[in-house]
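You will see subunit A twice below: alongside subunit B first, and alongside subunit C after that.
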Partner chain A sequence: MGLFKIILDWLDRRIGVREIVAKELTGYLLPRNINVWYSMGSILLFIFGLQVVTGILLLIHYVPDADKAFKSVTFIMNDVPFGWLIRMCHAVGSNMMVLILLFHMLSVLFMGSYKKPRELNWLSGFILFNLIMGISLTGYLLPWSQLSFWATSVATNSAGSIPVVGPFLVEFLRGSKLVGPATLGRFFALHVAVLPLAIAGLIGAHLFFLKRTGISTPPFGLKESGNQWQGDIYRYEDHPGGIPFFPNYALQDATSIALYLAFFLAVVFFDPYLFFTRESFVAANPFQTPAHIKPEWYFLANYQTLKIFPNELIGLSLQGAAMTFLALLPFIDRGSERHPLKRPLFMAAAMGGIILWIGLSIWGHYS
Partner chain B sequence: MVNDDRRKFLAICLGGLTASAVVAVGYPVYRYLAPLQKENAAGKVVIPEQELPAGGAKFFEYAGSTAVMVRKQGGDLVALSAVCTHLGCIVQWEKEKQDFLCPCHAGRFTPEGTVISGPPPKPLAKLPFVVANGVITVG
Partner chain C sequence: MRQLNVTIKLAWILAALFMMPQAAAAATAGPVEIVCIQCHAKLPGKYGEPVKLWQGSIHAENGIACNSCHGGDPKDAANAMSPARGFLGVPKEGAIPAFCGRCHVGVLKDYLTSLHGKALGRGGPTCVTCHGNHNVVKASLDLINEKSCSRCHSFKQAEKIKAAMHETEKMILTIETRTAGFKQQGIDTDRLEKGLFAVRNSFHSLFHTVDTVKVGAESARIQAELKKLENTLNGIDEQLRKRKLIGAGAVAAALLAALLFYLLRKTFERTEP
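On to the complex of A and B.
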């Protein structure tokens, strides 16, 4: 401990680290009734970090060329020591990120944390959710397997039903009439440069909003669960007498991350191909469409919606409307009550939406 | 005092766990990043003798590095590492002068690899080879 104290003293005299620690860690007080759902954001931050690290490692051996991409992925899996581990962590991690992101959004929805004055937190988070979907979709093509190729063909094709600009949009997305080497080039650039930077920037904005407005109080275990903010002036929501972020909640964050890691590594080691299909192990063949090609599990509901309606435009418009409704939720649901059981209309709509989403996904899986 | 002992014990446990985690993550990452061993890294290189006229040189890859085979004007063969002993550039064979020149800092070597002039501190490393039935086998 002696050396640690010497370094701390040295830093403290120069940049006042003890003041930062007192203000941002030990003196950063959280609501006394804070719960485990508040650690989802930390898990997501951890996953994003892991995706960046494993992604950079994959870049060392991956070749973004239609003739070499599949071979380079096979090389990583079979010949590079621990290449399988790095790739599996990246592939499984991307699915886990979407899963935890959904949990994070659900907890925010049910605890009413999206309500004023936190509209910007919700909006930035919602854009992040879309960017994560985008980075998953673009990453899906990179192994250049039959699954990558045809899933991307189907996904990009759905934009074609937009009136007037649809066909142009599809060609623009693909960089050619059909999915091909040009698509791989642009999806690669989006996946490794544009989207990670956009996501990192938005995470910064999301955390900035969180720090400026202050963390929301969970509506549970309180007599008054309504929102006290009047909308008159800027006010930081502090929690006098609350529990310190460090060490108390940092320990909860660490515990949640450890539990997540146990779950994540269980999949990586015991069922690594959970999110893979037979077509994932066959190189892309533009002349042969495999039967029953399906998108990733989180796009299954969208996929099934498009299949239900005879007119693709209706299916696409409905999805657009649902997404717009979700994005603008804090501006639509303006009541101050945050306890889920005291918001019957919200509860009914939310449960209905979740059941519909799960139902469509299962239908899409077995259809 | 009891509390202090418990703290120390827990700190040791935590330190041990952290160290194990660092090894568990660090080892696969190190192995992933470590240079791959090529199958023919320690293999032999075969050069037909007719490819080397008197006064000529042939550069080739050997054991993951660059090497050169020279046939001197007298007909003797020499196999050398082509990596300059100064800063690792690849030396060039100057047929007219019958010597090696390192283009980076003008180091000069004889066809035997001995330093003539310039900054190289050591001669070029000699490589083993055998000649049989018109074929030179290096390594």
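On to the complex of A and C.
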């Protein structure tokens, strides 16, 4: 304890560390009615950190070459000490990141936290969601398994239905006419350099917007759950008399992260194959087409939408329209009320959307 | 009005941005087949039938395509069946064992020295008599059955051989199932598969000798080899069991940490305003 105080004093005299702690941690007050859903962001930060660490560890032995990629992954799984654990954590973690991100977005939607003045938080979060989908898609190809190869062939093929630029776009995505070594090269570069940097940058922007605007008050348990901001001047939403972030809510974050970790480890150790198919452990073979190639669970609804319509362009346009609508939601839903039960139109649309998404996913899984 | 324009512009930009990753995510277009399949699958009768038969075969399962046996160029439709590209066409009956024996070398040797092989060209069976041609099924003891054998001779001798090989076949099937299960868990089963392949080949060559005494003598040696493979599989099982135990500990530790953080949070809750 003595040593800790000496270091703290030393730092305090130089950079005023106690002032930072007082302002950003113990003096950073949160709404008194804050709930557990607010810790989803911290869980996501934890997952992203874990993905970066496991990704770097995988990079030590992974070889991004079409002739060697599958063998290098097999080597990691079987010969590298704890390689299987690192790989499983990375693969399961990517699925968990999408799952928790969906929960985070749903909580923001239902608590009306996307509404003004938090449009930028929503937009940066929504772009992050798309980048996470992108990093998952690019990572899917890297093991160069039958599943990787054929799922990527099918996924990149769909861009071909876009009028005029479609065929060019497919070739641009693949780096050649068919999925091959060139595709692996560009997906690898996107997966380990471009997308992680973009995600890290956007996380920074997302947190910056959060800090500047202030954390939103949950609409539950309040007499007045409407939005107070008039849009005239910049105003930081503070919470006088609220609970300190540290140690109080930081402990709630720690509880949520530990609970998530328990769930995550249970999947990693007991059933990581939830996210793998038989083709995941067979080397890619361009001349042998597996019978049933399906995308990951979070793309199943998109997959089924494309199958429903006779013309892929209609399916793509609908998806584009739905995604654009979601991205622009704060600009479309401009009412001040934030309590979900006082927003019947929103509730009906949101519940309908969720049921439709789940229904399409199940249909896609069994189709 | 200005705000509406900005919103519309944003909508276009975002539509362009978000359609791409979602579009790339899922589609229904199928993969490209080799040209042999592309043409023959559309042909009627005896020209199209081999494709359907082959699709359900062990060859298809292992990626052995048309050109693997018949030669030719599977990527060039115009010259796919050109002898200059190595196209061999359909072998005559007497040439069938040599045709298949280009890959199944050991089996060819055993077949040729057997009573079956010695009767080649004199009404004796060739490979396709028992195994089928395009719908080549996985070699197993089931191929020795009364219906099939009694087409040419009595089932009595064949039945004796089948009984002697039954135990070994059961061991092979168990090892194969366990190996496939481990493979689906990302375990490198390459050495196991190769080991099993060698033992299975040696076992299957016994089928072709049609010699009851040899079957008895060789079965013991083959079973000893299979036992070694079984020991390796048991080792993997033990390793997986240990991993699960460690996993249970890790999950319990995370749950305990969650409980401790929760209780600690409760103590601070009392001091909240």
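The rule we apply is simple: the second predicted complex is superposed on the first by the 367 of 367 C-alpha atoms of A that agree within 3 Å, B and C clash if a C-alpha of one lies under 4 Å from a C-alpha of the other, contacts with A are read in each partner's own complex, and residues count from 1 in each chain.
Here, a contact is a pair of C-beta atoms (placed from the backbone, for glycine too) under 8 Å apart; a residue touches a chain by one contact, two chains touch by 3 or more.
The structure displayed is predicted, hence computed values, not measured ones.
Student: Could you tell me if A:341 is touching subunit B, subunit C, both of them or neither one (first, second, both, neither)?
Tutor: After superposition on chain A, A:341 lies in contact with neither partner.
Student: Counting only touches as set out at the top, which of subunit B and subunit C does A:241 meet: first, second, both, neither?
Tutor: In the superposed model, A:241 contacts subunit C only, not subunit B.
Student: Touch test for A:80: subunit B only (first), subunit C only (second), both, or neither?
Tutor: first
Student: Which partner does A:178 contact after superposing on A: first (subunit B), second (subunit C), both, neither?
Tutor: second
Student: With the two complexes superposed on chain A, say which partner A:189 touches: subunit B (first), subunit C (second), both, or neither.
Tutor: Neither partner.
Student: Does subunit A have more residues touched by subunit B or by subunit C?
Tutor: Partner touching more subunit A residues in the overlay: C.
Student: So, A:156: does it touch subunit B (first), subunit C (second), both, or neither?
Tutor: second
Student: A:57 in the overlay: touching subunit B, subunit C, both, or neither? Say first, second, both or neither.
Tutor: Touch status of A:57: first partner only.
Student: Residue by residue on subunit A, keep only those touching subunit B in one complex and subunit C in the other, then list them.
Tutor: On subunit A, the overlap between the subunit B and subunit C contacts is residues 79.
Student: Inside the complex, what are the residues of subunit C that reach subunit A?
Tutor: 7, 10-11, 14-15, 17-34, 63, 65, 74, 183-188, 190, 243-244, 246-248, 250-251, 254-255, 257-258, 261-262, 264-265, 268-269, 272-273
Student: Using the touch rule from the top, collect the residues of subunit A that touch subunit B in their complex.
Tutor: Contacts found on subunit A: 57, 60, 79-83, 85-86.
Student: Under the stated contact criterion, what part of subunit B meets subunit A in this complex?
Tutor: Per the touch definition, subunit B meets subunit A at residues 28-29, 31-34, 36.
Student: Which of the residues in subunit A end up touching subunit C in this complex?
Tutor: Within the complex, subunit A contacts subunit C at residues 32, 74, 77-79, 84, 87, 127, 130, 133-134, 137, 150, 153-162, 169, 173, 178, 241-243, 247-248, 251-252, 254-255, 258-259, 261-262, 265-266, 268-270, 273, 276, 278, 280-282, 285-289, 295, 299-300, 302-307, 312, 316-317, 319-321, 323-324, 327-328, 331.
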